[in-house]
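Input: structures, listed below.
Each of the next two complexes has chain A plus one more chain, namely chain B in the first and chain C in the second.
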Partner chain A sequence: MSPPSRLSIATVVVMTVALGLVFFYAPLEAEQGFLQKIFYVHVPLAIIALCGFVAGGIMAIAHLRTRDPRWDMRSYVTIHMSLIFAVGTLITGSIWAKGSWGHWWVWSEPTLVSFLIVFLLYATYQPLRFAIEDPERQARYASVFAVTAGAFVPLNFIAVRLSTAYLHPRVLGSTSNLPSQMALTFLVSLLGLALLFTTLCKYELAAKHARAQLRALRRAAAEREGLTGGENSGAHARRPRSAAPTQYPATAMTAGSPGRPTV
Partner chain B sequence: MSTPVPQTRPAPAAQQQADTAAPPAQTGTLSTVAAILRKELLIELRTLESVPGMSLFALTTFVVFHFALNRNNVDGDLAAGILWVTLLFAAMLGINRLFVADADQGGFDGFLLAPVDRSAMLLAKALALLAYLVVLEVVAVPAFALLLLGPPIGPALPGLVGVLALGDLGVAAIGTLVAAMAVRTRARDLLGPLLALPLLVPIVIGGVRASEPLLVLGHTGTPGARWLLLLGLYDLVFGLIAYALFDFLLED
Partner chain C sequence: MGALLLGELPALPLHTAGKYVAGAYVVLFAIVLIYVAIMSVRLGRVQRELGELLAQSRQRPEAEEEP
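Up next is the complex of A and B:
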């Protein structure tokens, strides 16, 4: 591959600046002290994961409209990465909850509970996908799931928020009531993590693309080996894919015929 | 259970006429829906595969709850929770079986060969699931009142019927979509509930919160408007989503 792209460099730079701001620039919060710094990781992770889920749904719509498998691949990678970020959100949220309330899990915190439900839903995305063999149908069904789940995300947040008494960590209001130093740090962290998300998605897409190409090349090589008459054991193992279908029914019939006349 | 059948009886005649007539005369969506719905209900009436199982499951679950909680009677939020969890899991049985016959015995292929609107399948299956749920509730709610519920069911019934109806619409829409998605995968019995349960969490939230004031001792409450609104919003959004996406599940 080419040397690190501008996107990767930007990600590293902004992430470094964000960490520097978090630890050396942003003031300590009066009530929670050092613990509050996890806010600069937890909230951006949550925002990006949610946006990623919804974006995955939008890409799935694009796939269903255009039938371009690349959109399905983008949707898959975005959802996959969002799922990883959602795990990060749940872990950091849990740590924060332990620090502020003394419990690893707090049901009265609607954002965290909604996240768990969304996470549980999206955790079924890959089992659904890989339970379907046909690649075209796999892409189609995965897209239908992605659109449904993408619409579920906001509705679920409304439902869970309604169901809990309004209780929020004290600093986690809208950014407008944050001190400006905190707001700046938060926005830089958000940007850094968003860049990280994009970079990781890009790399995963590149890896998937490379793997698909490799598989196609291997298949082509195996086929060529089979055509030139290389009947050694290595080629033989792969033969049933390309050459055997003409043989297979015949052997099946001869194997079945001795039983037939007796019936 | 038998009421929908006479209502849809003229449908197959219309279907046959349309089939024997010239090919361009596409069958109307409504008559297709009626024909599929009639087929579903007839199969269910003859095989009794889903609804008796669902009802029996609900009754057994009430017994399990009695022992699990060690309570002779329940009221308020606990009663609402037990009722909804039981109905949801019983519904899951029906959802899992909804498309099995079509996938295994070529029903999908036959349907795809017919010159009809594919959304008709969604509508018919959702209506069939809705009918199963209604029958399930006709059995399970009186049983719940008899076995576990502390306060008398009578005064709560009108409100409860409304809340259950709103919940059923959402369960039918999402259940049909998920069932169609899961049935043609390798692990369909596993994937159906795995997909459906998180998607139905808002229904549980809305349904439990709305029926909770109806089931308290002294039953003074009415369902909170926002919970009914939540259920209605869910029904609308996922009804439209299921309608928009169902066709994509039936392409091959």
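Up next is the complex of A and C:
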């Protein structure tokens, strides 16, 4: 069995166990009751999204140090997936806020607003990336952005922690006294969602790799036939592609038409 | 067996909070489902293009053999 298949099976198993624990093992919370069950999906989503943003920054540092396009690709995919998880965090958080506070959003709450700021910051990553046509510059600028924004995430987290005027419950830290059953359920949920994140990143990387190889194959076929017209006279022919197709080429992230990714 | 197991499980208190909890978990499920659907569309495109390339590469030797 291939490693991605094993990872997928592990993800499904752990997530199923996590759901079982959430609904049939973890006790009801005294104040919030059944509504607290959202905690087991919302908090892991937020933690993984924020860790993913930081991981994307670390991968971007590896790209800037080595100039290896594979690190740029990994950084891009990690940030892309973290953005999706961040959308999930915002939606599940809003649902919880509506049930608990009676409002979908509370602008005076630093935890919510700071997460929204981080989300909006990363929402500019892709437009910035695909606004640059030159593949080398695109990868370099995107890495610089990922490093800068990645450094902002823990700073933002600490700033919110230092803030005293909050309504949002503190889950982890000195003030939390989570019962062991809830803590176990939370950790299994966190593991399940972390596995889901890793699995989706693996599949995304594999898909981009396959697409890059296919483009390289198309170019090779067109060069052999000596074609100058058709598809290969377009964006593909105009841009030189230096990386080997067996790697994750930086050119895999190049816009096919201005502002639009080809992957 | 399954019915016995379900009988032993505690009843879920699906009162007013039930719709919010269901909504949150449905959101997670929907995100994964949408993502998988997008991935399958992309995979289908790659498969189609690969098929086209394969067909081209098979046509070429036949064309070269013809006088």
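Please note the rule applied: the second predicted complex is superposed on the first by the 206 of 263 C-alpha atoms of A that agree within 3 Å, B and C clash if a C-alpha of one lies under 4 Å from a C-alpha of the other, contacts with A are read in each partner's own complex, and residues count from 1 in each chain.
The criterion applied here is as follows: a residue touches a chain if its C-beta (ideal position, glycine included) is under 8 Å from a C-beta of that chain, and two chains touch if they have at least 3 such contacts.
Bear in mind that the values here come from a model prediction, so they are computed numbers and not experimental data.
**Q** Is A:103 in contact with chain B, with chain C, with both, or with neither (first, second, both, neither)?
**A** It touches nothing on chain B or chain C.
**Q** Using the superposition on chain A described above, determine whether A:88 touches chain B (first), chain C (second), both, or neither.
**A** second
**Q** Where does A:70 make contact in the superposed view: on chain B (first), on chain C (second), on both, or on neither?
**A** In the superposition, A:70 touches no partner, neither chain B nor chain C.
**Q** With the two complexes superposed on chain A, say which partner A:209 touches: chain B (first), chain C (second), both, or neither.
**A** In the superposition, A:209 contacts neither chain B nor chain C.
**Q** Which holds for A:155: it touches chain B only (first), chain C only (second), both, or neither?
**A** In the superposed model, A:155 contacts chain B only, not chain C.
**Q** Figure out whether A:219 sits in contact with chain B (first) or chain C (second), or with both, or with neither.
**A** neither
**Q** Report, in rising order, the residues of chain A that make contact with chain B in one complex and with chain C in the other.
**A** The answer is that chain A has no such residue.
**Q** Using the touch definition up top, name the residues of chain C that touch chain A in the complex.
**A** Interface residues on the chain C side: 9-10, 12-18, 20-21, 23-25, 27-28, 31-32, 35, 39, 42-43, 46, 49-50, 53, 56-57, 60.
**Q** Show me the residue ranges of chain A that touch chain C in the complex, using the header's touch definition.
**A** It is residues 19, 23-24, 28, 32-35, 37-38, 41-42, 45, 84, 87-88, 91-92, 95-96, 98-99, 196, 200, 203-204, 207, 210-211, 214, 217-218, 221, 225 of chain A that touch chain C.
**Q** Please output the residues of chain A touching chain B within their complex, sorted ascending.
**A** Spelled out, the residues of chain A in touch with chain B are 64, 117-118, 120-121, 124, 127-128, 131-134, 136-137, 140-141, 143-145, 147-149, 151-152, 155-156, 158-160, 162-163.
**Q** For the complex, which residues does chain B have touching chain A?
**A** 177, 181-182, 184-188, 190-191, 194-195, 197-199, 201-202, 205-206, 209, 226-227, 230, 233-234, 237-238, 241, 244-245, 248-249, 251-252
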